[in-house]
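Multiple structures are listed underneath, in structure tokens.
Below are two complexes that have chain A in common, paired first with chain B and then with chain C.
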Partner chain A sequence: MTEVSDWRFRRYRYRLIGSRCRECGETSYPPRRRCARCGGATEEYQLPRRGRVVHYTLLKALPTRYNRYRPYYLAVVELSDGTRVIGMLTDVDEPSEGMEVEATLRKLYTYGEDGKIIYGVKFRPVL
Partner chain B sequence: MRPTREVGIYGYGAYIPRYIIENRDIADLWGRDATPIKSKSFPSYDEDTITIAYEAALRAIESSGADRSLIGAVFIGSESKPYAVKPSGTVVAEALGLSRNILSADYEFACKAGTEAMQTVFGLVSSGMIRMGLAIGADTAQGRPGDELEYTAAAGGAAYIISRVEDGVLARLEASYTYVSDTPDFWRRSLEEYPRHLYRFTGEPAYFHHIMSSVKGLFDEYGYSPSDFKYAVFHQPNYKFPTRVAKKLGFTMDQIKPGLVVALVGNTYSGSSLLGLAATLDVAQPGDKILLASFGSGAGSDSMVFEVTDLIEERRMKPPVSKLISRMVPGDYATYAMFRDILRR
Partner chain C sequence: MGMPVVAGYGFTRVGEHWDRGLKDLSLEAIEKVFEGLPSVEIDAIYVGTALSGFYELQLSLASHIADLVARFDASVSNFEAGAASSAQALYNAALGIYSGMYKAVLVGGVEKMSDELPAPNYRGVSLVEDSFLVNYSGLTEIGLHALLAKMYLSEYGLDEPLYSYLPVNEHENASRAGHAQFRNRITYDMVRSASPVSDPLTIFDVTAPGDGAAYILLMDKEYADSLGVEYVKLLGMGAAGQPANLFDRASPLFFSASSRAVEKALEKAGVETEDIDLLEMYNPSSISGALVLESLGLADKGGAGKLLERGHFSLSGELPVNTFGGAKARGDPKGATAAYQLAEAAMQLLGRAGDNQVDGAEYALVHSMVGLDISAYAFVLGV
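== the complex of A and B ==
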């Protein structure tokens, strides 16, 4: 990613905007142009903010731009409509399978001291 | 000040980060006895004023059911903008999915920037230039390690959706008043990391003089007295100042207690009085009158009078401020220093 491509994806990063297949209804995040299941054309789809942790893992070895943010938990979250997404967890000491989480906006990383701050969706326990 | 067309609060939301540090831990580290409050909040390593403003605004929209397409302004009051140059409001607006046809700017007036944003939106909504607007006060306030401010400088914020009364408000604005003067009690020079302050100067000539002047000005102009109010909220840089100013003005502890969150949360600067107002709205009933008086160093105070309406029940913030506070967990000084970027790997 660069500061420019980060900007191009901000819409999807900030708001959990995914895609839904016009043929079979399959949803995915990040959005896909063609459906992963049937190959049909897709449309933009606003995913729900709430879900449950299905799987998680602790990431320690990361690119340098994540230095300030490592280690962090990466999780598969099943949203309330059944869509499964991969996202970072925050405000969590020790996650558990089934933990109720909701999407929020947090800093993902920064381009050094004088570069852009990149924001995006992370999941935290429901308030 | 009274707008020509009546305006009020359509929805409100607040946010406090998850972490608190005990004042005792800070005092022990620096070998001091002073503990002006019990604990203060601090932002997680991935939070800043933009993410706090987003959380508060999202809660205001979701709890009130406001139509995002009707929001025509996002003003964020803060003294801890993530960027010196680049508006915070555009990130928040984009993340909330608001229209791109909106007014947006960052406001700075030390701790008064949040109510300053509200005053601006009152005017824009009342004039008909916009239908609804978001006024947010949010901060991740800085206190130099070892300085008095380190005990209280906290993180948090609150957001208010302002609309015309005819669109349905949970609290109607009756009147506001403002009082400012050139008083150098606290400042941060450009490119400096931490603010400076003139110690005892922050009390009488700054906090007390400005809040008393704005509240008395409001009372004189519109004929209010303390007994007209069910609740009052004053800017909360510590526990002592708001309780003392309330007493000086003739308010009781019962009137200020619901909004007095500083003992556990700390001074959230631009978010401080707005967070107190949110905690007060959480318990207010239809017909209650609430006085809000902010204070910003430099210096000035905005006073506002709200009357709560029947819509309060259905629009209350979910979850309430008390829940945000009860979920907070203590962190030690090392965690605080790391999350605040004082310690780096």
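== the complex of A and C ==
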């Protein structure tokens, strides 16, 4: 991804905007243009910020851009409307299954020391 | 209509070939393909590579492979689809033969993964998954497999990750395979107590980066007969897909693309699952292997581990799987992986598998997939 595609995806990165099918109501994150279940057209949909950790793993095999966070917890989070998403956990020493979390805007990576800082959604324990 | 047959194969040892590049490895493999064959006219060269543009900054690889072997009359095509790159190449090469347009196609793949450090590699091999998730949600291929393992253990109420018997079996098979990357025998306890890469998966549950090249000579049966070469038949093939996002799927634990691709290939071949003598499947982790076996109906849901523990899928078992070690132990040089699988299946059917021979093998099933079953390919080979 270049800085341009980072910019293009900014809404979905910053605000946990997913999609909802106009036909069957199926929700997805990241957003889809056509529903995977019924093929219907979708619309943008603001996902709820709160949810709970369903599964998590301490990831040591991580990509270059995230080396500074090595290791980090990657989790399946079920949001309060039932949508399941994958995301990084932050501000947590030891997560647990069922732990209440909320989406928060955090630094993801930077383009070099003086370069642009890319922010995105991570999940932290509910304060 | 043409009838594709595998009339030759060649590959390098999988490993860390520091002193050799994409072209060196390809040349060694291609020369082995033609060893002992009469002069063959090649209509096309189809090359798969997952990341040649990433490791060696070489794109349009098929053009350069044609240049390498000075086959300038051949049409060339490139295929990029992770570990299924050369499966895609083979699928399309076979279409060329079925159509009657081609009499012989050189098809294979190559990868040079040791050129990169672990972190760029983890990112590189993860890019077959949705790039939004990889770049902004922190997902990697191994992390995704680990979360899937958690879902699996919880869904089926399993305390023990018995799917880790799969790498034990794969290392056992590779211990007698000269071309395998990892020939050491391991035990279940060694897998479980190895250093975690993303819990519950350890370094022995997942594949490692490797360099390698493997090529196949796919020919029309009539042409092969006229040259008097030995071959195995490509009896059927199939392909299917499903959503990349696990949570856009009906069930994250069912690999519907693999299931459907295999169903199509068996139907085309007119072969039943029970007729299959060996399976070469693609599983970049132990858990994904268990899910492939379960999704193909070869094990009950949640039950693959128990069958693996009992030796059901070992060389002397009911259905030998990954007879030369599979991606875990033979090695997983992504773009070349499916071509290795094809070559190994052909060796079994031709009775050239040496110490790893499955006696009397008549039908082999080869399975390949992009990422976690986003797209899948299946081939049925027969004598």
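By our rule, the second predicted complex is superposed on the first by the 127 of 127 C-alpha atoms of A that agree within 3 Å, B and C clash if a C-alpha of one lies under 4 Å from a C-alpha of the other, contacts with A are read in each partner's own complex, and residues count from 1 in each chain.
Throughout what follows, a contact is a pair of C-beta atoms (placed from the backbone, for glycine too) under 8 Å apart; a residue touches a chain by one contact, two chains touch by 3 or more.
What you see is a predicted model; the values in this text were computed from it and never measured.
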Mind checking chain B and chain C on superposed chain A, clash or fit? fit
Between chain B and chain C, the one with more contact residues on chain A is chain C
Where does A:Ile117 make contact in the superposed view: on chain B (first), on chain C (second), on both, or on neither? first
Once chain A of both complexes is superposed, is A:Asn67 in touch with chain B (first), chain C (second), both, or neither? both
Rounding in steps of 10 degrees, give the angle chain B-chain A-chain C taken between C-alpha centres. 150
In the overlay, answer first, second, both or neither for which of chain B and chain C A:Leu127 touches. first
Where does A:Arg10 make contact in the superposed view: on chain B (first), on chain C (second), on both, or on neither? first
Which superposed partner A:Thr104 touches (first chain B, second chain C, both, neither): first
Between chain B and chain C, whom does A:Ser28 touch in the aligned arrangement: first, second, both, or neither? second
Touching partner for A:Arg84 - first (chain B), second (chain C), both, neither: second
Rounded to the nearest angstrom, what is the minimum C-alpha distance from chain B to chain C in the superposition? 13
Please write out, lowest number first, the residues of chain A touched by both chain B and chain C across the two complexes. 67, 69, 108, 122
Residues of chain A that touch chain C when the two form their complex: 1, 6, 9, 12-13, 26, 28, 30, 32, 36-37, 55-67, 69, 72, 74-76, 83-88, 108, 120-122
In the complex, chain C residues that touch chain A: 118-120, 122-123, 126, 130-140, 142-144, 146-147, 150-151, 154, 196-201, 206, 243, 245-250
Per the touch rule above, chain A residues touching chain B in the complex are 10-11, 14-15, 67-69, 90-91, 93, 104-108, 117, 119, 122, 127
Which stretch or stretches of chain B touch chain A in the complex? 18, 44-48, 50-51, 54-55, 58, 82-83, 91, 94-95, 97, 319, 323-324, 327, 329, 341, 344-345
